[in-house]
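Naming follows writing order (A, B, C and D), and every chain is counted from residue 1.
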Amino acid sequence: MPINDEARVGFYICHCGHNIANMVDVTSVAEYAAKLPNVVLSRDYKYMCSDPGQEMILKDAEVFKLNRIVVASCSPLLHENTFRNATAKAGINQFYFQMVNIRENASWVHEDKELATVKAKDLVRAAISRVVFHKALEKKKVPVNPDVLIVGGGISGISAALNIANAGKKVYLVEKDPTIGGYMAKFDKTFPTLDCAACILTPKMSAVLKHPGITLMSYSEVAAVEGYVGNYQVKVTRKPRYIIEEKCVGCFACIDACIFKEAKFSDEFNEGLSKRKPVYIPFPQATPQVVLIDDKTCIHFKTGKCPQSCAKACDRNAFDFDQKPVTQELEVGTILLCTGFQPFDAARAPYYGYGRYPNVYTSLEVERLVNASGPTGGNVVLRDKTRPKSIGIIHCVGSRDEKTNKWCSRVCCMYSLKLAHLLKEHTDAEIYNFYIDMRTPGKGYEEFYDKLLNEGVHFIRGRVAEVSDWAINEHEKGKLVIRAEDTLIGMVRRIPVDMVVLAVGIEPGKDAQDIRRVFNISCSNEGFFLERHPKLAPVETFTDGIFIAGACQGPKDIPDSVAQAGAAAAQALALIDSGFVELEPNTAFINEELCCGCQVCINLCPYHAITFDETKSVSHINEAICKGCGTCVAACGSGAITQNLFEDQQILSEIYGLLVE
Amino acid sequence: MKYLYYPGCSLKSSGKLYEISLLAVLKRLGVEVEELENWNCCGATNYMSINESYAIEITARNLAIAERMVGIEMIVPCAACFMGFLKTQKYMESDPVTREKVNDLLNKAGLSYTGKVKIRHPLDVLVNHLGTDALAKTAEMPLKGIKVASYYGCQLIRPYATFDDQWNPHTMDDIARAMGATPVDWPLKSRCCSGSMTSTMTGIGLRMNYVILKEAKSRGADVIITACPLCQFNLECFQGKISRKLKEDVRIPVMYFTQLMGLAMGIPAKQLGLKQMLSPSLVLT
Amino acid sequence: MSTIENSNKDWSPRIIAFFCNWCTYTASDLAGVSRLRYAPTTRVIRVMCSGRIDPEFVIEAFTQGADGILIGGCHPGDCHYSEGNYKCLRRYHLLQRVIGQMGIDQRRLRLEWISASEGKRLQEVVNEMTETLRQLGPSPIKEVVQTVIK
Amino acid sequence: MAQDKPKLKLAVYWGAACGGCCVSVLDVHEKLLDILAHADLVFWPIALDIKYQDVEQMPDQSIDITLFNGAVRNSENEHMAHVLRRKSRILVAYGSCAYLGGIPGLANFYTKEEVFRRVYEESESLDNPQKIHPLPENEVTEGHLHIPSFYNDVLTLAQVVDVDYFIPGCPPQSERLVEVFMDIVNGSDLPLKGSVIGASSKVQCDECKRKKSDKKGITRFYRPWEVTDDGMTCLNEQGILCMGPATRAGCGVRCVEGNAPCRGCYGPLDGIGDAGTRILSAIASMLDGKEPEEINRAIDSIVDPAGTFYRFSLPGSKLRRKVS
């Protein structure tokens, strides 16, 4: 292997409290490193990332004339920047630094201290062997476009949009549905304060609409995203409403005039509990207040033989039956994803009879039933219009179950309590809550549970086995029988009720995987968007400049979603107000002296960063476009391409260091 | 169309009428079957509860013999055999230790099994392969006005079968409908018939059969149809005793779904074994 | 000689693992955070994308004494750089042919798609590969390369 | 003038070679006279009757330049390599075999036993019922006989002795030889020790006149006779596997000019650790297909991938030979 006599390496190994020191013999690694070529200094320290730890690097660099720094501690994804900054402060180019991951990659995953120590030594040797060949590089600064894209107009997206717009930035809020508001708009009351959801949400919805800094793009979806942090190009496709949005004032004359005198199509907003016409508005406070036509049910689109009475009733000529999807391009610097969740499909738990017994409802349907603006005007009646005298609420439907979703959906216990209270209030029925564990961690939540206990609601602790109409006595005739183990009394119980409410859990949205691909972020195993760090970077993603908030990241109630939206907004604003981003200089470049112009590399680049210069007959990489994957480097037969930070010699030295003592 | 056919012990003895009627119906439908040569017990109940690996091993032998008939799927009508086959396949597919052990034993016997045999229940073949439309065309004497309670028992569709909805199975209802009868919706389709408990813990066994018979009757069913020899046996043989003991008449015809089909197809009752029934099945004819 | 051979434990293979920054390296971090225990046989080299992995790195690692090489990238369709993993896949398959012809057991080189959330998968793959290599025994490559037979 | 200077002493030797390199020296044609005007040939087995003993008795460092062609295959090759190293001021590995192992180096895909079995037992033109193999040492009535022993591994010259320069090519282009020689005669600054000389610092494609584009997307490869070459487009783009993208130029793109794909005899550029993996990676980077099946279908159409990529460089590669 080639050598570099100039390099003077300072090596530091971190105990990370006991996190590393318990499984890796840090003193022996430090002693070992001290004897390696180029190493001038080797130390171990309790917490390298602490101020004294970083301070130590600074002082040593001066005293020992260090020009390379290697720190063995945690993952570079966590603290590489910390130590690069310390290196820079010590007057050494920050890229003369290499980090060794002996925590996530060693101490936390191994059980044999001796072998873990051997592994740590190998990794340290590799880093020292590599850092010697590092080059001084500069981070490139690029300005951040201050405009922000927010995807999803539920409570998270709305909150974030207002936060950012109030800070004077331009926001594009893209919502796939015809209206913003999300699931919260469907709720009657919110727990634990029982304030009316509409009363607190609709002012925010109209604030979004009126805010000069917010461009609301409803009934639209993001089709493509290109670019990088600070400079994203986004394509948004607006679906046709067949109504010119700017002209419609929401007078609803068209709806009255529709050729369908009676509404006959399932109303999505009311969870199918009522009907709507082909021309409709999702709900009275929908924002924007613009009607739309459902082209799957509209006679005009189905047969072309409709007198278009709706359009004739419009005195503002807002109808345009020829509308097509329109794609608009936006330039933004940061993106917030607030794309929410989907409720668990109760039909996937067939033992509870949803879809089979009409009086089995999902919690969301019941939200509409108890809602004063719902399909029954808040009058809780069954499908046969009778009022239930007994109601069973089954918790954890689809949640905490190996067969469906393993996770706790976090909101169901609380909303079940809320529904129990509201149903009791509306019907005075006997209410039975079937729960596995009652989870009420939140401000005022346990108190709310206490309140319900005193309201005479029954609580049965045990997982429900099935809901059926199998009556074994007169008492059960004509009822739905809930069979469950009552673990507190150690018996199987049969509770006959008139109505069953299934507390369905929270799942990743059905388009979460598509969204993830469009925005180039990751999902966790269950399909929720993956945060950069579960504790320290809960709203960041692995793609710089893209943040996540709300239930798209994991089950969350309204207060948590709003808080997270605030956090994401603050992160975006911090990025915008810093004015620029520093790009990792891991781009590739072509040595024209060696390039033969074979053009093998050109099509490998997904960003079209490589172009062929006809006059010089060589290829050229535009480093502003290059994202530093290094795919072209490995393809070059001439070895003419070099990737900064990942040069062949650096990687080969690392391999050599790992394997050869 | 040709299938291999694994009858298992029940269809040659207590469930003889199942075999007779099944073969008659398949013949009428033009489905050719060839009995698996030199077959042995499927390993259900006794084996399975005492030594599971023996049960798996002997079923694997049947699979290995079947695998020689490349490309042919095998019909297994008995619910216990059917589950035993699926269980064996599942174990051999997912557990390398079992697979290795079983293969060793098979090799010693000059056999081998690579997992290529597809096991099908007659319900699966009839509904998902032939289709209810084709079945309906064969119903020369549609069973108009007859209300049928379909009863699957505990092991036909759980936990391994995929040809029907495990929680609310419907293939027998589909067949009944195709035969012109009216299926009744009832919640005990796949409740346990108590299996062999009718002989070991008679009180409990009878009680379990009682709830099934009673519920079917109270839902207005004229007949219970089933696809399991043991279910048929329990429900039919003990209904008199149950009625006497509980002083409540829960008697109702209990027949194999294939017998019901045969009737609708106009196959003479005798060829369907209906004359050998204990419950008053002939009222239907 | 590797440090592992010097330890008095039973022989344990050395796997050089090339992990892409966005998926598999993150998965290995996740395995760490989740305290998933696995065999201490891997030595990870982080690259930005599996597309950066030059076949020469693999051969170099073999000649320097690696018993196995594990390449980890994002699942097809999920590459952070759009399609780098496919380019890796093409090189991998061609390289597999060549190492096969070179008399190297092809099980010594393995490519796995492991996403950022699949810490568990990472654990399984490392343990599986360790077991496979244990059965294959120490790689003869380094010795063959260094010992000229006249 | 040149005549006033003492003449240089020049030697040419062949190890495991086909003779082509020696012919390439002759191929300088009338330029040979120029060379001989400045140099005396002191050793050249193909042309002059000078015995090994004569060379062994020459004073050390007395030969100015030795062109050693051919790989090191047996004890005789190795012995002469050591002798010539000692006797020469400048030792040049001349041609692909001495440089990287060359075609004889492909024998490193086999062991000595396999080679002998093939040659002395299985060869179609053989009549050797007793399966007699040559013995390096043999006692006969006339006395003790010995022949050079055949090595299991084919070696490059540099793996045996210290080499000053490398001139690649199978064979090297004669013009290049003259240029190099005249540079030495004219006292030009000699390149850094260990350099590859008489060749370009770029790869073949740089000099290749065929039209190249960024559309590679190869779905299968063809052997040259399987398709009609349009004579204009990059051969790889036509699916004819050409080693040009990773092979040093300097030959004048002779093969491609003759409508045959480059086989890689000039070896890789400076700083490339392994010629085979370099071209492997470049070729794989031109492939199309995202499914392993598609990719493998394309790869199936490469006849003998390892033999193709390491055609001239196996002994000089990282792995050096087949492992087992």
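Things to note:
By our rule, a contact is a pair of C-beta atoms (placed from the backbone, for glycine too) under 8 Å apart; a residue touches a chain by one contact, two chains touch by 3 or more.
Just so it is clear, the structure is predicted and the values come from calculations on it, not from any experiment.
Looking at the partners of chain C and chain D together, the chains they share are A.
Here A-B and A-C are compared, and the pair linked by more C-beta contacts is A-C.
Look at where the CA atoms of chain B average out and do the same for chain D: the two points lie 76 Å apart.
Centre-to-centre separation between chain A and chain B, using Cα means, comes to 49 Å. Chain B and chain C have centres, each the mean of its CA atoms, that are 51 Å apart. Once the centre of each chain is set as its mean CA position, chain A and chain C turn out to be 31 Å apart. Across the assembly, chain A contributes 604, 634-635, 648, 652 as residues in contact with two or more other chains.
Chain C has residues 54-56, 60, 87, 91 in contact with two or more other chains. Pairwise chain contacts present here: A-B, A-C, A-D, C-D [touch as defined].
Across the complex, chain B is touched by residues 350-351, 356, 466, 468-470, 472 of chain A.
Interface residues of chain B facing chain A in the complex, by the touch rule stated above, are 165-168, 186-188, 211, 215. The residues of chain A lying in touch with chain D in their complex are 593-604, 612, 617, 634-639, 648, 652. For chain C in complex with chain D, the touching residues are 54-56, 58-60, 62-63, 76, 86-87, 89-91, 93-95, 97-98, 101-104, 140-141, 144-145, 148-150. Those residues of chain D lying in contact with chain C across their complex are 75, 78, 109, 112, 149, 151-153, 155, 159, 273-274, 276-278, 280-281, 283-285, 287, 289-290, 292, 295-296, 299, 302, 304-307, 309, 318-324.
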